[in-house]
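Here chain A shows up in two complexes: once beside chain B, once beside chain C.
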Partner chain A sequence: MAYKLDIAPALPDAQNEEVGASKFCPGCGHGMVLKSLAFAIDDLGIKQKTVFGVDIGCCLLAWNYLDVDTVQNHHGRTTPVIYGVTRANPEAIGIAYMGDGGGLAIGAQHLVNAAVRGERMLIVLVNNTNYGMTGGQMAPTTLPGQVTETTPYGRDCDATGRPAKGAEMIAAIANPEKSYVARATISNMRKLRSTFKKALETVDKGGFAFVEVLSVCPLNWRTNNVDTWARLQQMEEYFEVKEFVSGSEGQNG
Partner chain B sequence: MATMEYQGYKIENIAKGKMDYYVYTELCKGCGLCLAKCPINAKGEKCLSWSKEVGIYQTPAVEPDPALCIGCGTCALICPDSAIRLEKKA
Partner chain C sequence: MVNKLIKEDTKMFLTGNEVLAYAANAAEAEFMYGYPITPQNEIMHTWCKLLPKTGAGFLQTEDEISAGFSTLGGILAGKRAFTATAGPGNVIMQDAMSMAEMMRIPFVCAVMQRGGPSTATVIYAQQETRLTCYGGNGEGFRIVYSTAGHQDLFDYMIKAFNTAWTYRFPTYVLADGYQGKMREPVNMYDPASRGITMVPTEASLLPDGEIGKDRKSMHWRNTYNMEEELMEVLDEYKVDFEALEDKIAEYEEYKADDAEILVIAHGIVARSARTAIDELREKGIKAGLFRPITLRPLARKPLKEAVNRAKQILFTESADGQMAQMILEAIYGCTTPYSTLYKMGVGVTGGDIVAKVEAMAKQPATV
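After this line comes the complex of A and B, so read on.
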């Protein structure tokens, strides 16, 4: 039987210890993304000035995940809420946390314009190739042939277009000198943490950062542990994991 | 901040006796992602397996075979719920 342990779990300081187990499903990638983000906040010592915005979607389950000021927003509107915060309070480091649906479907206009204008914020877009919270419908990122609730015979790209590549799109429009744009994956947790660190450093210097993270949704994918990792590998073959823009690195201004 | 108490179990002397391995039963959701990532399991050995202990959803938690576990920390690194901790022995 379990008993009282003498040491606490190794949580990042920026994670809210008091909530206990997260509200995400067993094996959900959101936990891995958020824990890496919290470690990166620790690495830079910016917890006190960070403002975290969560979108509707499974992201909203992170409303008390971090031990930082957090605001929950309408679906797709986390981006403008967070740059509103950083415009009003230039000291704050704003992070907008959203899903692929939130960022590339309903909130795409905000994402595009924040990138074009170089708003001082980090946008984290968690790509799990579906609308997780609402039961696994097709998202802009759903892979060709992928079965979802709304593509029961597999996604047909002739009818629905090709999967949206968020990081490539943002890399094409963001100011290369003042932005950081990358795609990372939860299969490489150390790299994910250092990617978040670079992104947050860019924001701390006044720049714009966008990190798309390839993630997993075992509940709606109906995958077991082995198949979950295998599906993520398929995603990595379709969505290139790389740093697309790292303009503000080494800059002081 | 309130001082938290944590339930779980400890497997002593993994990694040739250099480390201890902690599993927090209020955090483990039994997803099994760690089992699939353990490099020793990947070689076909039974290093990390399901435990008789249960996690927060009353599904099996996990435990390493101390004789096989090399203490690489991969399982702790990927656990979405930080249910595993490895500690060097003093």
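After this line comes the complex of A and C, so read on.
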């Protein structure tokens, strides 16, 4: 006997229910990251003053995902648009949402300078170790030996350098008194939500926050669910999951 | 709200860059985002020096890319924000300018042209004419005012904000390093004293009202899924842009009515042309000037009429025909022969134009 489940999923208030099913690929991590972010916005009751900026790449699909004022930007340029907003409107809580390419390659200068200046915003960098939207090329975060379209024989760190560690870099340059810097992972959704909450609290108090989220890209990785999970665990070994700077609590590291 | 510094008519002797900062304040501009590049630096220097009095905002960004994009952010937040740039800065700011074009963001930028291509000179040129009018990966849905001196800088900087916020196309004050750095007298005034009301700004992000109660959340995009979807949007933009010609296109004619040799020049070169025309008239040569003030959109009808009235045309500019290329397209069908005086990245003097027109009077152009 089959039953139709008609229990509505628990959607955060800050998620746009009109969008319906996620537009991301099956198995993609973005939906989980965005949902956690939306729950954190709910937790703090800041939906009415949040401005959400999405970068180009897979992030662009989130342009109407949240029920908050949102602007889609150019590749790498979400950070300056959002600090442009929060400089002009100090009441706004700005969130710039980007991938590893948008944050650590094409928009790296904006990330670095926003952190140095302590721009009043949260930068969410979703690290899935490749460029998803463009078909799976090497990203700054691609793991050693990882096969991508532009490293078809595996990433050779002698030729292409080592994977970029965004959170460590930002932790080194952000003002420890007024910043929150962490790396989280979609393998721990509860922690992800509380991480976003702390980050947004920091911004609400006038600080700068950076959260790198380890995520998955099964389509471009060409992995099934078991291998996807295994790859995420491998990433968690390489990219340390922790709070690096927690200025609001007066801790560093 | 910002404090306006010019409350009554004030005559001052300033550099053009200083004039632009005062004009932006007179226009009630609230925020400037910028990155240093010569020859436009004194715009932000002056803006910053005046901040305690004006109560406006300023952010020095990490490059012109971010200066452009943060200006867009400030405008989306509902502020009358602007930026300024030049040369290679104008090149990399095209990224933000094309987003402004796509999303109809009332972006205002002063471009103080310097030599190009590349780093070239920090001094002067008219080589960013094409870039300012048609840069980015779009169709050139932009409004460009080409100024010819400090009074223009003051008047058109104020006008640029109102044009941008009325029609929602990126709007430029296109000047150059000579205008930016030289000093001359300028009459500054409160726009209200001239019957000019500043068009109110509005926030695209966090406008008034509660989401879910008074309004829906705003979702602004610049990406389209289908080709037809994009074309539908751009077709509408095109209709709006083409309607602008009748509303805002501006030009200046000087002794053009009976001119046998019509000089066509824009910006500071048009000023050289005026002195040349007076000298040529004294020598009995009927020369005149047509100066497009808006390069986008061009005042095509009066332009064509002036061209048809003349026996010869002289295009002159501090570039290799960037303005002429746009004019020639606009006057397609006119048969008046033309000659050219192009000095790439170098000023065109009245003497240059006198010599050229005298030669044309002796040996008419055949092109």
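Note that the second predicted complex is superposed on the first by the 242 of 253 C-alpha atoms of A that agree within 3 Å, B and C clash if a C-alpha of one lies under 4 Å from a C-alpha of the other, contacts with A are read in each partner's own complex, and residues count from 1 in each chain.
The working rule: a residue touches a chain if its C-beta (ideal position, glycine included) is under 8 Å from a C-beta of that chain, and two chains touch if they have at least 3 such contacts.
Keep in mind that what you see is a predicted model, and the values were worked out from it rather than measured.
In the superposition on chain A, A:159 makes contact with neither chain B nor chain C.
In the superposition on chain A, A:24 makes contact with chain B only, while chain C stays out of contact range. With both structures placed on the common chain, the touch criterion links A:10 to chain B but leaves chain C unconnected.
When the shared chain is aligned, chain C comes close enough to touch A:89, but chain B does not. Within the superposed three-chain model, A:226 lies in touch with chain B and out of touch with chain C [touch as defined at top]. Comparing the two complexes, no residue of chain A contacts chain B in one case and chain C in the other.
For chain A in complex with chain C, the touching residues are 16, 47-49, 51, 56, 60, 63-64, 66-74, 77, 79-89, 91-92, 109-110, 112-113. Contact residues of chain A toward chain B in the complex are 1-5, 7-11, 15, 17-18, 20-22, 24-32, 35, 186, 189-190, 218, 224-226, 228-229.
In the complex of the two chains, the chain C residues touching chain A come out as 30-31, 33, 57, 59, 61-63, 65-74, 76-79, 81, 95-96, 99, 203-206, 210-212, 217-223. Interface residues of chain B facing chain A in the complex, by the touch rule stated above, are 1-2, 4-10, 22, 24-27, 29-33, 35-37, 53, 56-57, 59, 76-78, 80-83, 85, 87.
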